[in-house]
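Read from first to last, the chains carry the letters A, B and C; within each, the first residue is number 1.
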Amino acid sequence: MPAETIVEVKEIDMTYEGGVEALAGVSLALPEGRISTFLGPSGCGKTTLLKIIAGLIPPTHGEIWVKGKKVDGPGPERAFVFQDFALLPWANVLRNVAFGLELRGLPAQERHAIARKHIAEVGLKSFEASYPHQLSGGMRQRVGLARALSVDADIILMDEPFSSVDEQTRRKFQEELLDLLRHKHKTVIFVTHSIEEAAYLSDQIILLSPRPGTISNIIRPNIDREGRNPDEIRRDKNYLDAVDEIWEILKHYV
Amino acid sequence: MTLLGRRIPIFFSLVVWFIVWEIIGRAKLSTIVPPFSSVVIAGFTIVPTEKFSKAVMISLRSFAVGMAFALLVGIPLGVLMARVASLGKVLGMWVNIFVSAPISALVPILMAVIGIGESTVVITVFLFAVFVILLDTQVGIKQADRSLVEMARCFGARRYQLYTKVLILCALPEILAGVRLSVIRGVKGVVIGQLLIAILGVGELFELYSQHFLMEEFWALVIIVFMFAFALSEAVALLERRVEYYASSR
Amino acid sequence: MERKSAVISPLVWQLISFALFFGLWEIAGRWPISFAFPPFSKTLLALLRMLADGSLPKAYLSTLQPLIIGIVLCSVAGIGFGIGMGLSRAIEWFSLPVFIILQAAPMAAIIPLITYMYGIGLTSKVLAVVVLAAPVIVMNSYKGIRNTNPSLIQMCRAFLGTRRQEMIKIILPHAAALIFAGLRLGLAMGFIGIVIAELLITPTGIGDLITYHSSVADYPEMFAAIASIILFAALTIHALERLEQRLFPPETRGLEDAG
C-alpha cells in the first residue's frame, strides 16, 4: 500500500477504573486517504480505541500520533460521527451541521453557507429548518456526517454510524458514503460489528479479539471499486473471499 | 365524560363543584360555607380595597424577591454541585435533608434572628424554593447526554462553550421542572411565612377574615391565592412542554 | 472529575459535610450574628438537656399522635380515592381538576379556618395534616393506576385475563411504587402540616417547645427543638425512601417516577 501513514497507534493499553482491561498492546499504522475499519465482537474495545484516537479518552499507556503530532485531546484535524448521532435536540439541522464551526467562532453567515453546502451533499437539502426529532434515524445520521464534513477535518472517525439505522437505509448510505469520501480524499476510521459492512467499505480491516482487545489480524480486501456499481462489488470474488476470511477468524471469538 | 354524545372538557367539572357549593351554602348546612355566589361578590368587593391591594403588593414583592434569589443561587450552585464532585458530596446531603424537611419549622428561627418583617418572609420563600431547584438542576446536569458532551469536546468546545451551548440546555427540562416545583413551594412559603408572622400581607388578611368570621371574604381570598399558585405553575409547565421534545430525541 | 473523590469513601464525605456545616454554625453563633443565634455547641447541649429531662421525648409523643392519625386516614381514604379516580372515568372527570389545583395550592391557608371550626384540639391538628398530605397521596395513586403500561393491559386481555385479574396482577403491582412514593411525599407534607398546626393553632408538642423557649429567650433550646424536628422528619423520609428502593427497585418498576 503506497499511501503514507496519517495516524499512528503506539502500544496502547487501556484499563478502566475498576480494573476492566479494554485494550492491551495495540500498535497500528493507518494510511492516509483510505478507509480503515475496526471490526470485532462486542467487548473487543473497538469503540474505546476510536475514542482514544479522537482524544476523548486518555489511554492508560501508549501514544497516538496524528500527522506527526502527539495527540493529547480532540483536534481540528479529526472529526467524529457518533453512534447515537449526538445531535442537539434544541437546534435545527442547519445549526447542528454548523455547530463545529460555531464552536470555532466563525460568523453565522459564513458557517451557515458552509453548512448548507454539506447538507446538500448528504442529500438533506430543504431540511435545514427541521429539528432532529422530526427526522428519521437515517436522516439524523446524515446530519451527523454533514457536521463532520463541515469542519473540513482530514480524518473522519465513525463509531458504528449505521447501527441505529434500518437495513435499506444502511445500504444506500454505505454506497453514498463511499462515493462521497473517495472524491474528498478523506481518511476514514470506521468502527463496526458487521462483517459485510467492513468488507464492503474498507481498504483495510483491523480485526480485534476481545477481553482485552488486541489486534488479531489485518485484512486488505483489495476490491476494485472504481467505476463499478454496488451489486457488482457485492458479487466480487475478493469481496466474498474477504467476508469468508473474516468470519473464519471471528467465529473463534464468539 | 360525555353528555348527549359530546365530550365535555374535564375542567368543566369545576362548574359542577361550584354549583354544589352554592347549594350547600344556600341550604346553610355549614357555618363556614357561604353560597359560592356571595363568595364571588365578596371577591369583587375586596379586590378594589386599599387594604387588599397593599397586602397583595407586599406578598407579591416577598414572593418575587425570594424566588429571584432562589433562582440566582439555585441554578448556578446546582450546576457546580453536579460538575465539582467534592462540592456535590459536601452539599448533597444537606440539600436532600432540606428538600423534604418541614422548612416551616425554621420560620420561628427567622422571626427570632431577623425579626418580624418582610425580610423574614423573603427568606422563607427562598428556603422553600431553593432546595428543589438545586436538586433538579443537579440531576439535569448529571444526566446530560454524555455523547453530546463528547461531541462538543470533539469539535473543540471550550469550557464555557460546553456549559452555555450544551450542558445548561441539556438540563433545561429538569431545570424547568425544578423551577415549576419551586414556584409552587414559593407560594406556600409566602402564605405559611405570613400566616406565622400574622401581621403581614395575605397572611394578615387570612387571620383577619377568620377571626371576624368574614367567611365570604375568606373563601374569596383562598380562591384568589389558589388561582395565582395554579396559574403560575401552569405558566412554567407551558414552558416545560415547549422543551419536551428534548427528552424524546435523547 | 470523579478521579480523586473515588478514593474517599462516602462516609468520610458525610463526616466532612457534617463537620463543615456544624463548624460554620458554631462560628456564626460565636461571632455572633444575633443574640438569638446560639452556636452549635450550646444547641447540642440544650438538645441533650431536653432529652435528659424528658421534655423532648414527651413533646414528640404528642406531636406524632395527630401526624400518625392524619397519615393513616389519608393513606386509607386517599389511596382508595386515587385508585378510584384512576379506574373510573366519571370519578376522574369530577375530581381530577380539583386535585390538580389542590396539589399546587398553598393549603396551609385553610388552617385558620380549621381552627375556627374545630377549636384547638386534636381534631384540628389531624385535619391540618390531612389537608396538606391528601392531595399528593391521591394524585400519586391516580397517576400510578393511570400510567400502567397499556401494552401490558392488552397482553393480559389477549391471554383472556378478567378485569379482576387485570387489576390485581397488572395494574396494582405496576402502581404500587408510585403509590408508595405518594405516601412518602404525603408524610413530608404531613410534617409541614403538623409543625404549622402546632405553631399556629395551639402550642403542643414540638410546637410548644419552640414557642415557649422562644418566648422566654432560651434560644439554644428553641434551636435544638427545631433542628430535632427537621432531622427527625428528614431521617424518617429518608428511611422510607430506602424502603421504597428496596421494595421497588428502579429496574423492576418499568416506569419513570411521575411524582
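We take it that contacts are C-beta pairs under 8 Å (C-beta built on N, C-alpha and C of every residue); 3 or more make two chains touch, one makes a residue touch a chain.
Since we're looking at a predicted model, the values are computed, not measured.
K.L.:
Quick one: which chain's Cα centre is the longest way from chain C's?
P.N.:
The chain farthest from chain C, judged by C-alpha centres, is A.
K.L.:
Find me the chain with the mean Cα position closest to the mean of all the protein Cα atoms on display.
P.N.:
B
K.L.:
In whole angstrom, what separates the CA-based centres of chain A and chain B?
P.N.:
Result: the chain centres lie 48 Å from each other.
K.L.:
Averaging only over C-alpha atoms, locate the centres of chain A and chain C and give their separation in whole Å.
P.N.:
The computed centroid separation for chain A versus chain C comes out at 52 Å.
K.L.:
Suppose each chain is reduced to the average of its Cα coordinates; what separation in Å results between chain B and chain C?
P.N.:
Taking the mean C-alpha position of each chain, the two centres sit 17 Å apart.
K.L.:
Residues of chain A touching chain B in their complex?
P.N.:
Of all residues in chain A, those touching chain B are 51, 54-56, 73-76, 78-80, 82-84, 86-90, 99-100, 102-104, 131-133, 147, 151.
K.L.:
Which bits of chain B are touching chain A when the two form their complex?
P.N.:
Per the stated touch rule, the residues are 145, 147-148, 150-158, 161, 165-166, 169, 172, 243, 245-246, 248-250.
K.L.:
Report the residues of chain C in contact with chain B in the complex, numbered from low to high.
P.N.:
My answer: residues 1-2, 4-5, 10, 13-14, 16-17, 20-21, 33-34, 36-37, 89-90, 92-98, 100-102, 104-106, 108-113, 115-117, 188, 191-192, 194-196, 199-200, 206, 210-211, 214, 219, 222-223, 226, 229-231, 233-234, 237-238.
K.L.:
Show me the residue ranges of chain B that touch chain C in the complex, using the header's touch definition.
P.N.:
Where chain B meets chain C, its residues are 1, 8, 10-11, 13-14, 16-17, 31-32, 83-86, 89-94, 96-98, 100-109, 111-114, 184, 187-188, 190-192, 195-196, 202, 206-207, 210-211, 213, 218, 221-222, 225-226, 229-230, 233.
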